Amino acid sequence: MRQISKFRIPAFVLGAFAAGAMAFGAAAAAPKGAPKSLKVAFVDFFSGGAAVFGVSGKGTSEWLVAKWNKEGGIGGVPIDLVLVDEGGGPKKQVSELRRLVLDEKVDAVVGYTSSGNCLAIAPVAEELKVLTVVHVCGTHRLTEDNKLKYVFRTAANQAGDSVSLARYALSVNPDIKTIAGANEDYAWGRDSWEAFKIAMQRLKPDVKVVAELWTKFQAGEYSAEISRLLAARPDVIHSSFWGGGLITFIKQARPRGLFDQSLVLLSTGEQVLQNVGKSMPDGVVAAPRATAGFFALKGTKAHQDFVAAVYAHNKRYPDYPAYRTYQAWSGLKGAYEKAIEMAGRWPTTEEVIKAFENLSWETPSGTVTMRSDHQAVHGGLVGTTKFSKKYGFAILENIVHHKAEDINPPLGTKTLDWVRGIK
Amino acid sequence: MVAADDLNIDVENGELVGIVGANGSGKTTFLNLITGYLKPESGRILVMGQDTTDLAPRELAKRGVARSFQIPQLYTNMTVLEGVLLSLAATAGESSNFWRPLHRDPWEPEAWEILNRFGLESYANRPVSELPEGGRKLLDIALSFALKPTLLVMDEPTSGVSIEDKFQVMDTLIAVLREGDITTIFVEHDMDVVQRYGKRVLVFDTGRVVADGEPESVLAQPEVRRAVLGHE
Amino acid sequence: MTHWMDWRALPRAGVVAAALLILVPPFLPGWILFVLTKAMFMFIAVMGVSVLLRGGLLTFGHALYYATGAYAVGFCIKWLGVRELLFLIPLGALAGFIMAALVGIVMARYREVFFAMLNLAFSMMLFGALLKLYWITGGTDGLAIGTATLAGIALPGDSYGYYYFALTMVGIVTLVVYRFMASPAGYFLRAMYDNEIRIEYSGVAVRQVVYRTYLLAGTLGGVAGVLAAFTIGHIVPEDAFWIQSGEFVFVALLGVFGGVPGPMLGALVFEFLQTYASKYFPLAWQMMMGIIMLLIILFQPGGLWAIYQRIEARITGKDRGGDHH
Amino acid sequence: MNLLTIIVFDAINYAATLFLLSVGLTVVFGVMRILNVSHGGIYALGAYMGTWLALLVLEVDLPPVLTYAMLLLGALIVGFLLGPIIERLLLRRIYGSDMHIQLLLTFSILLILDDSMKLIWGMEPLFISEPYSMLGRFKVGGIIYPWYDFVLVGVSVVFGGALVWMVRATRFGKLVIAVIHDREVSRAIGINVNLVFTVAFTVGALAAALGGAFVAPKIAVVPQFALEVVVLAFAVIAIGGMGSIEGAAIGAVIVSFARALAIHLAPELELMVVYLIMILVLVIRPEGLFGEAELRRI
């Protein structure tokens, strides 16, 4: 086994990042029964239009795992990182998950960006009894349609984004009469639009839906869809496009004046700011689907260090997938360390699960709390795009921060029921 | 271009009719017409008193019209025996049977008999590709013969066969056909063959029949010789 | 190309293959068993493609039947809650059969590249429908399948029980295809590759030959789809996508030259290749598959079966060049 | 009425993209009788190479108008490099093989090309929008279109016209027609059939790369988009008639009209409608609208 004590790092470095690490970050030796290493797979898109997410996810994971291993790993056990491509569709992911568990014998899996994939693997992860930490996937159905034991989601679902986008839009223009949606034709797009539409109708009952467009997952061509949106002239356009699909949409829609004509709300807009550079129009409402953005440093040193370190490693500022990747890894680490503390030895998966439930931990962007339904809650923000000379691309301004309890359905309430009841 | 024009030909049961003509005189087109491969633009075709103008080759085959080809049409990746078995299976209406293996069926003895008659038994279990040219020609006819036709149409049965083998091939053929009392029409390039084996000969020129009768008398006519051998 | 009809090699190679497939799995780790199970349904789907190929008919849309079988299961589970294999296997077969009976009416008129393209078009139609009819099919997300039952007993997709059930299906399919290929219908199919003119002049409709074979291939596709759905536990519109059809043809090429054992060899090699290509080259597994496919086409056009035959010939010291004794 | 105008413009717009995507495929099939599945890969590679070069121009602060030249240069590099390599090294070995061998060989080339782009240019999309927005825009029926869209239409017309001219009016075109008509006879009378094949495949590759490079500024240049697009090209040329340049144009127009109609009127049918048309056309006229039926000689 690796001699870990040589690399001991003062506890305060870790302390800011993971609450559980406080007690064990400085631990000299691994607990009784500890394995040689903790094998964890990281699954994200390394191919296809969604690969921009994988770039952040992979870079952040590699940086984080290397850093932690230097500091002693999890409870003295180094992490062995296995990278897996999320491309190829839900079916391939189900097969890959079986391979990871049965062949590679991973101890845990972190990942899944696509809602289609996370819905598909959840029942299989349960069947295989493998601890799975979902990091980005946003459909509320993951935790509501499944009785989850082994699967956790360390980030809020799409409801918060949908609701806060609706509120934000009304604050920009209280007189919205017509809305339209352009979303991808699968769980994420369908659920995001559903929640947004309900929220909008609840907040402004006379609002009318003038177009609902469903495009193929990561389609590369939206000309006709843009024409339809231009012709429908809605006051507000909601889109949950993401990754390569969103980039293409912006590229094709901007020269055609779509952003001038309607107020456009992009629920994942923050993620592509660095990709589209000057092509991002000002005045688009965008959310980073996490509690913070690198451009809105909330003063804590931990957050600033995180941004600097991720930038140094990824050559890209941490976008929301990077934040969410951190949330997932640090949640997993926190759960293990809490379980080790409780058990006094290396914990079983069941004990880690127990420790994970109701765990609260600090991340660069604030406190994340894992509820007993395996859905984490945290705050969020929404802002408006504005080109920044300093960065060379647009960032968000006029930011509104939301507290966790304002944008997450309370435990036991179905997401859409909660949206139907918002005021 | 008209490949067959104003043809009016009656063939009696059991007759053995040879057709001669220069290249492009419409002999093969005539065969294609009466076997259903081509449809006439006008006129009707009657075979054994039935109008067959609109019938496809397979429907004619079911009515007893079989055909061999100038270029042998064989199942090149099968054995000689398998090919004959397939013809027998087709005749027996067994082509859609997808369960009972072909080899175990009762017509295997019959297939051997046919191969014996055509002198192909030594090749029975060898692939068609190993047959010499004369053998390919015979097999092509054997496949048609196995369909038990009442009318057999042959397109140049001796083309591609060496001069020495030619008469042997024809002897074999004629004997088999006589035995089966099969009405036969054959197109032939070779005057000697027609003269020796035909009981009646038709001469084609640019899609028309220019002469019809006993081989000796017809082939003696100078205009026939010019029409048929004009290029020589 | 005498090896196209090498079904008679079945008894010897088949017995060895069957013995290995029956006896070895209990000694293998669970993961390998899962890959083997995948190879089983792959084999059944590929048998359909390879039977058609023996008539010279290339399909670039066989995923149509595979997806038909898979979604037949999906809808049964979604609407009826039925997950009984003894019901779903015949249902999948029937669904594939009916689909083939309808599509085949059109298809029987076509050959060569038109046959390939028209099949592609039909499968892409289904793909489009599965993708776009979100409320029925779940769109891109597909449908979760879960665990099958056999006579009421739960049978997880990666269990030994399921493997042996799949193997039994493989046995039945093998028997059916074997009998079919040895029957007059099978002979006429292969005769089609040689000479359609002769068949027509024998009084047999080539269209009938195509149609019958197409029905068989479609039925096998349906059965494969049912097994696939439960093995993997999830079905998606990509089951009908052209890449899936391309994989079937690839596997058929890997092994088509060996009648029944050839595609089995092909399916096994393919599944392991794909698994380990994506394990060791997560960023370029497609490229690895492409390179392997390329090398086989350029340097081993006889497929894996030809390699096997060469090895066998060396061992037995017998030349199997002419398979017609 | 307004809606109809929009549909027509959307359709013309998309038809240009589809034509550029498909025309090379039909050229290669026409001359070589090979359905080149790797076509989509060459198209994608053209898009990558063109975009990459154009980005270099922007990076070193050269005038953005040079990006157009770079798109063209990228296409030329890909076409002239890849065309002869694929034809000489790989395709030449399988002429006369069964169709499934030919299809699988080009399929494997597609898989290899597709991943190599990922290895060369990484997983992130290559993003360039200047060439698309630089030319300004105009309004039709209250809807804004960038001029670039119609530059693409122009490029398609010019390129398609040039190809038709090449086949109809040049000596090389006559050689090509001879080879299409009868390979063996052509060889016998001294035509260098191999050279004709190399040139034809290179023209096809060039067409693909050009299409990719010029469509790139308006689409997502992402890993694996080749797999998605090539099947659309199949549909276009099957409808138009495989081997016919005019057919590719008609096919592109039909498919894009159908798709535009579907998106505006019945979005659920968007994907199905293309293949539905393909089936209808093939059922009624198997050789496609402009294809020629091949007669079998006995």
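Quick notes on this one:
By written order: A, B, C and D. Residues from 1 in each chain.
By our rule, contacts are C-beta pairs under 8 Å (C-beta built on N, C-alpha and C of every residue); 3 or more make two chains touch, one makes a residue touch a chain.
These numbers come from a predicted model, not from an experiment.
Steps from chain A to chain B, minimised over paths through touching chains, total 2. The central chain of the assembly on a C-alpha centroid basis is C. At the far end from chain D, in terms of centres built from Cα atoms, lies B. In whole angstrom, the spacing between the mean C-alpha positions of chain B and chain D is 50. Measuring from the averaged C-alpha position of chain A to that of chain D gives a distance of 38 Å.
Each chain gets one centre point, the mean of its Cα atoms, and the points for chain A and chain C are 39 Å apart. Within chain B, contacts with two or more other chains are made by residues 69, 73. Taken residue by residue, chain C touches two or more other chains at 131-132, 197, 283, 285, whereas all remaining positions touch fewer. Annotation for chain D: residues touching 2 or more other chains are 118, 123, 267, 271, 298. Chain C contributes residues 29-31, 34, 38, 131-132, 134, 139-142, 144, 146-147, 156, 158, 232-236, 238-239, 275, 278-279, 282-283, 285 to its touches with chain A in the complex. Remark: chain B residues 35, 56-59, 61-62, 66-67, 69, 73-79, 82, 85-87, 89-91, 94-103, 105, 125-127, 143-144, 147 touch chain C in the complex. The part of chain A that touches chain D in the complex is made up of residues 45-49, 51-52, 54-55, 87, 213-214, 216, 218, 220-221, 223-225, 227-228, 230-231, 244-245, 247-248, 251-252, 254-257, 275-277, 279. Interface residues of chain C facing chain D in the complex, by the touch rule stated above, are 53, 56, 58, 60, 106, 109-110, 112-114, 116-118, 120-122, 124-125, 127-129, 131-133, 197, 242-243, 246, 249-250, 252-253, 283-287, 289-291, 293-294, 297-298, 301.
Residue ranges on chain D touching chain C, taken from their complex, read 35, 90, 93-94, 97-101, 103-105, 107-112, 114-116, 118-119, 123, 227, 231, 234-235, 238, 242, 267-276, 278-279, 282-283, 286-287, 298.
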